[in-house]
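First chain written, first letter: the chains are A, B, C and D, and each begins at residue 1.
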Amino acid sequence: MTQLQLSDTEKMIEFAIAQAHTLNVTVNIAIVDTAGHLIAFQRMDGALVGAIDIAIKKAYTAALFQKPTHELGERSLPGQPLFGIESSNGGLITFAGGLPITFSENENVEKVCIGAIGVSGSTIENDLSIAKAALRL
Amino acid sequence: MTQLQLSDTEKMIEFAIAQAHTLNVTVNIAIVDTAGHLIAFQRMDGALVGAIDIAIKKAYTAALFQKPTHELGERSLPGQPLFGIESSNGGLITFAGGLPITFSENENVEKVCIGAIGVSGSTIENDLSIAKAALRL
Amino acid sequence: MTQLQLSDTEKMIEFAIAQAHTLNVTVNIAIVDTAGHLIAFQRMDGALVGAIDIAIKKAYTAALFQKPTHELGERSLPGQPLFGIESSNGGLITFAGGLPITFSENENVEKVCIGAIGVSGSTIENDLSIAKAALRL
Amino acid sequence: MTQLQLSDTEKMIEFAIAQAHTLNVTVNIAIVDTAGHLIAFQRMDGALVGAIDIAIKKAYTAALFQKPTHELGERSLPGQPLFGIESSNGGLITFAGGLPITFSENENVEKVCIGAIGVSGSTIENDLSIAKAALRL
């Protein structure tokens, strides 16, 4: 299986920070492998200290479930099928800002998840916008 | 950056306890630096033992997110943007009683967060009232 | 049973800080009740951040076992009867700087433990000296 | 107080990776602020997954105690003054590879700790050599 390389994460973080500058916010950015283990992390100067762990947990959550964190969030509201899922796996974050990173050799092959990114420190809209920018989505 | 000194915390705790006496309640009071590390703590005689950890976590939460804990609480209700945030950072407390401590050299300079206070042991209304009194808000 | 009051801790911390000034060091000082629950804590400006938790755990350890932490330490070395005890109770600290606080109505009555103090941030000799000064030992 | 900037960490990590290449090993590199909060992290391709947490904890330990991790390690052996310290603060790592990052405006001013670096994934000799290279020591 194709694996995310450290060199891949540098461009992603560069794109993320460029988008954060455009939005005039400061965030934490975490990138993990398919197992949820950290590959790279950067805290922009002045970004919220409380959002370090959230960025890492968003990436971790998106990797472990191979889904955007906000999709898990919709399904884990009271009354929904996955209510309470956030207490599993040592603690998940299920609001927006975590996205799986996918890859396919060519357009005839289905994309596979090769890791995930998590962004935290601004509004969830900005966090998600920055995560998307990192992946050129 | 200006840092909160131990001597600053003494007056804050004195004001807090005075307000607790006015309200005829007993509480725990914790003050942390911007990183969430404890600077000072006092438990009034008879204050709830279960509220020790809550006072410390309220201060920790307000410092890490530079926001009153109840503002995080409103935004972390089911269906709100930050639902589930309380499981991050080793456990947050997102109900009222935690406030950031801010400071500016003079009124022309924007205030910066230099720490936070957390109060717990009575109702959330009283806890918040005591936290505000500590900061003369 | 006589209980440690918040007002008692103020003098103890005052004596501790005076001794720290004499030794020209900065430390964290924690005082707990007989159950190990925090009553008061102060971090002197510049004291080691890593020693906050250690001061609290020294007080906690001395209270739970009603012994100076260094006595437990001697008995928990490899080959000694209590080897490994430090992993109990959510984590103990068994080196010098934690002392039980004892009290008796008069000299004909045996002293009872009413709480404990923990000091951390300097050498263990200084930490213990400061803890003793706090209790006028 | 001078604070470590994200841009400072980029060169440190670059130097670290250059040294890792020289030694023909792969490691994890973590950089934290004085409070122990993560600023930057990189895992070289192929570096041990179990060493991610160790690199972060080495940096955290060196920051919280403003000392190289191996100095704490020497002092926490059985019979030494700080035996058992590693169970404090949520878990420390006290073998080589964590170093405080110090700074002074000029040579007439005493250096202050502005953060710490932790390296893990190879032998402790290589990990320390890489941490030193990162700081040009």
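Operating definition for what follows: a contact is a pair of C-beta atoms (placed from the backbone, for glycine too) under 8 Å apart; a residue touches a chain by one contact, two chains touch by 3 or more.
Just so we're clear, the structure is a prediction, and the values are computed from it rather than from any experiment.
J.: In terms of C-beta pairs in contact, which of B-C and C-D ranks higher?
T.: When C-D is set beside B-C, the one with more contacts is C-D.
J.: What's the call on chain A versus chain B, same or different interface residues, using the half cut on shared numbers?
T.: Under half shared, hence different.
J.: What whole-Å value do you get for the distance between chain A and chain C if each is reduced to the mean of its CA atoms?
T.: About 44 Å, centre to centre.
J.: Centroid from C-alpha atoms only, then distance chain C to chain D, rounded to Å. What do you get?
T.: Here the centre of chain D sits 30 Å away from the centre of chain C.
J.: Would you kindly tell me how far, in whole Å, the mean C-alpha position of chain C lies from that of chain B?
T.: 26
J.: What parts of chain B, by residue number, touch at least two of the other chains?
T.: 34-37, 90, in rising order.
J.: Taking chains as nodes and touches as edges, what kind of graph is this: line, ring, star, complete or other?
T.: Per interface graph, the chains form some other shape.
J.: According to the definition of touch, which chains form touching pairs?
T.: Listed by label, chains in contact pair as A-B, A-D, B-C, B-D, C-D.
J.: What does chain D use to touch chain A in their complex?
T.: Going by the criterion above, the answer is residues 5-6, 9, 35, 37-45, 49, 52.
J.: Applying the document's contact rule, which stretches of chain D touch chain B when the two form their complex?
T.: 1, 3, 33-37, 90
J.: Residue numbers of chain C touching chain D in their complex, please.
T.: Per the stated touch rule, the residues are 48-51, 53-54, 57, 73, 76-78, 86-87, 91-96, 123-124.
J.: Using the touch definition from the top, list the residues of chain B that touch chain A in their complex.
T.: By the definition above, chain B touches chain A via 34-36, 61, 63-66, 78-79, 81-85, 87-90, 92.
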